Amino acid sequence: MRIGMLVSGGDCPGLNAAIRGAVLRGVDVLGFEMIGFIDGWRGVIEDNWIPLDRRAVRGISPLGGTILGTSRVSPFSDEAGGAEGIKRRMAELELDGLITIGGNGTQTVAMMLSEAGIPVLGLPKTIDNDLDGTDFTFGFDTAVSIATEAIDRLRTTGESHRRCMVLEVMGRDAGWIALHAGMAGGAQVILLPEFPESVEQVCTWVESVRDRGRSPLVVVAEGFRLEGMDSVSTRAGLDGFGRPRLGGIAEVLAPIIEERTGIESRATVLGHVQRGGVPTAFDRVLATRAGIKAADAVQAGEWGTMVSLRGNEMETVPLSDAVDKLKSVPESRYEEVRLLFG
Amino acid sequence: MRIGMLVSGGDCPGLNAAIRGAVLRGVDVLGFEMIGFIDGWRGVIEDNWIPLDRRAVRGISPLGGTILGTSRVSPFSDEAGGAEGIKRRMAELELDGLITIGGNGTQTVAMMLSEAGIPVLGLPKTIDNDLDGTDFTFGFDTAVSIATEAIDRLRTTGESHRRCMVLEVMGRDAGWIALHAGMAGGAQVILLPEFPESVEQVCTWVESVRDRGRSPLVVVAEGFRLEGMDSVSTRAGLDGFGRPRLGGIAEVLAPIIEERTGIESRATVLGHVQRGGVPTAFDRVLATRAGIKAADAVQAGEWGTMVSLRGNEMETVPLSDAVDKLKSVPESRYEEVRLLFG
Amino acid sequence: MRIGMLVSGGDCPGLNAAIRGAVLRGVDVLGFEMIGFIDGWRGVIEDNWIPLDRRAVRGISPLGGTILGTSRVSPFSDEAGGAEGIKRRMAELELDGLITIGGNGTQTVAMMLSEAGIPVLGLPKTIDNDLDGTDFTFGFDTAVSIATEAIDRLRTTGESHRRCMVLEVMGRDAGWIALHAGMAGGAQVILLPEFPESVEQVCTWVESVRDRGRSPLVVVAEGFRLEGMDSVSTRAGLDGFGRPRLGGIAEVLAPIIEERTGIESRATVLGHVQRGGVPTAFDRVLATRAGIKAADAVQAGEWGTMVSLRGNEMETVPLSDAVDKLKSVPESRYEEVRLLFG
Amino acid sequence: MRIGMLVSGGDCPGLNAAIRGAVLRGVDVLGFEMIGFIDGWRGVIEDNWIPLDRRAVRGISPLGGTILGTSRVSPFSDEAGGAEGIKRRMAELELDGLITIGGNGTQTVAMMLSEAGIPVLGLPKTIDNDLDGTDFTFGFDTAVSIATEAIDRLRTTGESHRRCMVLEVMGRDAGWIALHAGMAGGAQVILLPEFPESVEQVCTWVESVRDRGRSPLVVVAEGFRLEGMDSVSTRAGLDGFGRPRLGGIAEVLAPIIEERTGIESRATVLGHVQRGGVPTAFDRVLATRAGIKAADAVQAGEWGTMVSLRGNEMETVPLSDAVDKLKSVPESRYEEVRLLFG
C-alpha cells in the first residue's frame, strides 16, 4: 500500500506527533510506503513531496509546527483540477489513498473527495476544538495551556495596579479556548461567540467583581459580539456585525469598560503564540494515537471516515458526521463558569 | 443543607480547584453551608475544620497541594470509631452529608460508609489514573506533563554522551504515567507494572535502539518487575518479588543495562516533584468541573456515587462500580507504544 | 529603627522577593520595625499601610505582582505636599527612613527627596533594564524569558506557513528586552528604539532571510521608530514621530513588510503578559539579594544611595549616578546581533 | 584562518548557542573556516569531525545537549599522544587554532596545551558555576531554574502532608546551584559542600521551621558533608568522609531527620534533569555572546586565554587565572541565606 499524507489549513501543536505516529505504525508495522506532500494541496499540485519513514520522523514529536508545511490551497482550485485532477495525480504517484490532516474546512473537502470516489481518511486537528465527531482535537490543550499561563501572569499585574485586564484568545466561531482557559485561570468574566452580551451586562459583571474587592479579569474569544452596540460601534470601530474593524475585540472592550466603570483597563491580544511551539504532553499523546489510528484505519480500508477520540478510545466516524456542524459551547458548559461571574 | 468536605490519601495537583468548584457551586449557587476538615479524617476525629465560602477559596485554583491538608488516617480506626463514630460526629456538626476527595482507598472507604447508611459522595483524585469508572482523574495530566518534560531534558543529555538514560516515574500498580509520558516524550522502551519483562528482553530493545544510532531512553514505572531475576536480584538488591530493596527500580536497571550492553547508563528517579506544584490547565478544568458536579450530585441526593468524567461529560457512577477493580493499562494501549521499541 | 517601604510605578516580577528579602534581613536580623505603604505614595498620603514582619512576607517570593500594590501617584503632587509633606507624614509615623522600590522615575523622585534632606534609599526595579548604575534590574530576566518563549512558539508557526512573524516586546526608550530575547530566540531582525531604520532596510533584511530559505522572525521594541516614513505614516497611522497612532509598531510593520516583500506577515503584540506572573529563579535571587542589601544599607546609614548589582556583588551607588541618564543599548551590543541579520 | 572546536566533559544547556555564536561570527563575519570535532578529544584522535557553517548551526540555539557530542577522553591519553600528538593532528588538518568548550578540567588541559605552544582558546561551561575568572558560566542559570521549579513543586506537597522535603541538587565541590535555587525557592535550610554541619544543627533548624508552623524544605548539594557522623554513618551508609555510600546525600539525610525530629521526611534526588533540555533565555544569551567573543578573541590572537563574563561585558582572562582555583561559595553569600534558617 502506498499512502500520501498532507496538512492543510492553520498549523497546530501536535501535527508532527501525528505524522510520526502514522509513519511508525504505517511503514514499520503495517508495511506501507508513505510520502508527505509539502505545503498541503500545493505539494500535490506542484509534485513536491518527501518520502516518509522512521528516519524522517525521528525526534519530531515535541516540535511545534509541521515538518510538511501547510497552506490554504484547495484541491478544488483551477490548478488542482478538483476530484478528477487529484485522482490523476494519485495515479501518477501510484497512491492507494490519502490521509488529510486538517480542521473543519479540510475535512469538508476530504468528504467531497471521498464522495467523488477518492480513498481519503481524515485526521482532525484544530486548536479551536470546534470539530464535531470527536471529544477533543490535538492542539486545543496546548492553546488552552498557553492562554491559561497568560491569565496567571495578567492576574498578578492586574491586582497590583487594581486594573481590569482583558485577554483576547483565539476562537472565531466557537469559544472553547476561552471557556477552558477562563475556567482554569479563574477569570471572572468569560465572553464567547456563542453568547453575545450587552455592554451593560459586561460592565455590571466587571463592577461586581471590583465591589468584591478584586481586580476583574475578562477572557474574551476573538469572535465574541457585543449586543446592540450601534452607538458604541461608531466610536470604537465595530463593523455592522458588532465585530471590531481593526485590532481585536479586547481592544474595543477595554476602553469601553474603562469609560463606563471608571476602572483602569488594559487589553492583551494573545494572537499567534497560541498555535506554536512545544505541544503539551496531552496533545502529543492524542496526536500520536490519532496518527496510529489513521494508519490502522487505512489498513482496514475505512476510507471516508475521520479518526476520533471517544472517552479513552480512538475510533473512526464517517466524515459526513464530523463536518455536519460546528461543535459549539453548549449552554450547560457556559452555565458552569457563570458561577464565577459578578 | 450542610456539607462537610475532606481530602484523604496522597496529595495531587487540582485538589484546590476541585474544592473551589464545589464551594462556588454549593455555597453561592445552591445555598449549602460547607465546612472543610483539616488533614482528612483526622480533622473529623479531632474536630478540626474551617468554614468554606467564596472568600476561603479565592484564587486557589492554580495552587498545588490542598488548603485542607490530607492524611492517611482511616475512619475505621479505633479513634474514629468506624461508621458509628462518623455518624455521631456528623450529627454533632449537623452535617447532612460528606464529600470525600481521594483515590482508590478513599473511595473504597466511602463505599463502606455509604453502605452503612452515611450520605457520602466520592470525588476521585489520583495522579496514577488507576481508578475505574472515570476516563481520567485530575492530577494525572500534571504528573504526565512533568515526567514528559523530564524526558525532553534527559534526551538531550543522553544523546550528547551516547548514554542510556533510565527514568523512573510514579505508578506502583498501574503504568499510566509511564505509558503517556513515554509516548509523549518518544521513549524507546517503556516498562509497566502490568507487563513484566526479562532482563534479556529489555537489553535487546536497548541494544537495538543503539544499533539504529540513537541513545536509548527507558521510562520505567516504579512498580515494574523484572521477570526471572533470581541471580541478578541477589547482586542488585531485588526482593523476592523482583522489586528493588532500596532505591528505585531505575537504580537497579541502569547498572544491569550498562553491564550487559556496554552502554553507559544513568538512572533518574523523578519522585515527589510529580505530585506537587501548579496543575496543568487540563487538570484545573477537570478538577473544577468535578467539584461543580459533586455539588450538583449532592443537591440531587445522589449519595453513594462518585463523580466521573465520560468523554466531555461529568456524570456520576455508583461507588461500587468505581472501586471494584484497579484500572490497568490494557494490552491494546501497550501495543500502541511497542512500535517505538527496538 | 523604623522604616517605611513602598513600590511606585509599573509592577515587575521579583517585587515580592525584594520586599521579603528586606523584611527578613531588616526585621529578623537587624531588629528594624518595618511598615509597607499600600499603592505607593498614595498609601503615604492616605495613611494606608500594613506592618511588615516575617509572617507578612511568608511564601511570597514566587508570586508575581506586589503584595503592597503600586500606583503612579507622586510625592510632589499637591495632595502629597512634596518633600515637606513627606517629612511631616514620616514624623507622624515616626519613620527613620524610606525604602522606595521603583524605576527611573521613582529613583529620580527619591533623589529629589534625598536632596531635600529625607533619608531615602532606592531599590531599583524595571523590566526594561534601562536604569544606569546597576548591571541588571530584577524583572528584566523574567520579561526576556517570556518574550523568548513567545519567539520559540512563533518560529514554528511562521515556518509551517512560510510567514514573516513580527513580535513586539516592551521597551519604550531602551531596547534591552528585544535585544536579549531576539538573541536568545535567534530572531533574524531585531529593531530597537536606539537604532531607527528605514522601511527599505528592514525589508531588505527580511527578504534576505527568505532568500536563505527561512521564515523571517522580526523582534521589535515598542519604541522603535521607522526612519523617513512620511508617506507610509499617512497610510498606516504613524504620528509625527514615526510612532503608530493606534495599536503597536508591530501592527504597523507587518502590513508594510507584506506589501513590500510579498511575504505573508503577521503581528503579535505581547503586552502585559511580559510583566506579570512567577519570576524566574534569576530574578528571585537578584530581588532577594537587593532587598537584603537595602536593609544592610539602611543599617549602615547609606541614605541617598541606590542598591546596585556589579558582577556578582550587591553594592550601593549614589542616586544621582543612577538616574543621571537612561541606560541605552550601546552600538557594540547591537553589533553582536547584527550578524544574525540578512 | 582555520579553527577547530570541541566540547569536553559533561554536557550543559547553552552549548549549542555557544557553538552557533562562534560560527556565525567566525565564519560569516570574520571569514574563518571552522570544523567541529565529534565527542570531544575522541574526535581529534579518531579524525571524526564535521564542517561548521551557518547551515550547520541553523536553529540550534534553543536545543539542549550539543550537536558535537562530548566525552571525557583526554588529549594526554596514550592514544592522543599529548601536546605533540595534538600538534600533529592540527598540522594534518591544517588548523590554526582550537576552541575548547568545557569546565575546570577541560580548561586546565587547555592551559597545559597552551603552555606547550598550541594556540588554544577556552570557552567556559559548567552548570556548577565553580569556574573562577568569570562571573557566571552558561548552563548554571538553567540548572538553577530547574531546581527552583522542583522546590516550588515540592513545597506544596510538603505542606499538604506536613512533611519535611529534602531535595538534592548538583554541586560536588561548590554549592552554587543549591545556594541560588534555595534562595529563589525560599528553602528554609540550605546545605553546601563548603559548609559542613552536624546532624544536630540540621535537625535544630528543621525543628525550628516546624515550630513556626511550616513544613521544612531542605536543599542539599550532592557534595555536602555531615560533620562528626561516625555512628550514624555506620547505620546510614556513609563512607569515611561522611559521604553516602549509595544513593545521594538526600537519601541519607531524610531518614535521619525523620528519626531525630519525628517529622515525616522524604528525599528527592533531582539528578540528570538539571543538565538537559531547553536552556533559559539568560543562558542562551550568555552562551551566544561567549561564542561570539571566542571568535573575536581568536581573530585578535588572544591564545591561552579564556572567555569571561564581567558585569555586562565579555572579556578574556589568562587560562592560568581561570583554572587556578575552584570558585567556592563565600561565607558572605552563605550568610545572606542563613536568615531564612531556623
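Think of it as A, B, C and D in the order they're written, each chain with its own count starting at 1.
Criterion: a contact is a pair of C-beta atoms (placed from the backbone, for glycine too) under 8 Å apart; a residue touches a chain by one contact, two chains touch by 3 or more.
In this text, all values refer to a predicted model and were calculated from it rather than measured experimentally.
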From subunit A, count the fewest steps through touching chains until subunit D is reached. 2
Would you kindly say which chain has the C-alpha centre located farthest from the C-alpha centre of subunit B? C
Using mean CA coordinates as chain centres, what's the subunit B-subunit D distance in Å? 34
Where the centres are mean C-alpha positions, what is the separation of subunit A from subunit B, in Å? 30
Rounded Å distance, subunit B centre to subunit C centre (Cα mean): 41
If you look at subunit C, which of its residues touch at least two other chains? 152, 155, 278
Name the shape of the chain contact graph, picking from line, ring, star, complete and other. ring
Listed in rising order, subunit A residues that touch subunit C in their complex are 7, 10-11, 15, 39, 63-66, 69-71, 146, 149-150, 152-162, 165, 246-247, 251, 266-273, 275-278
Contact residues on subunit A for subunit B in the complex? 17, 20, 24-25, 28-29, 58-59, 61-62, 135-136, 141, 144-145, 147-148, 152, 155, 180-181, 183-186, 214, 278, 280-282, 284-285, 288-289, 292, 310-312, 336, 339-340
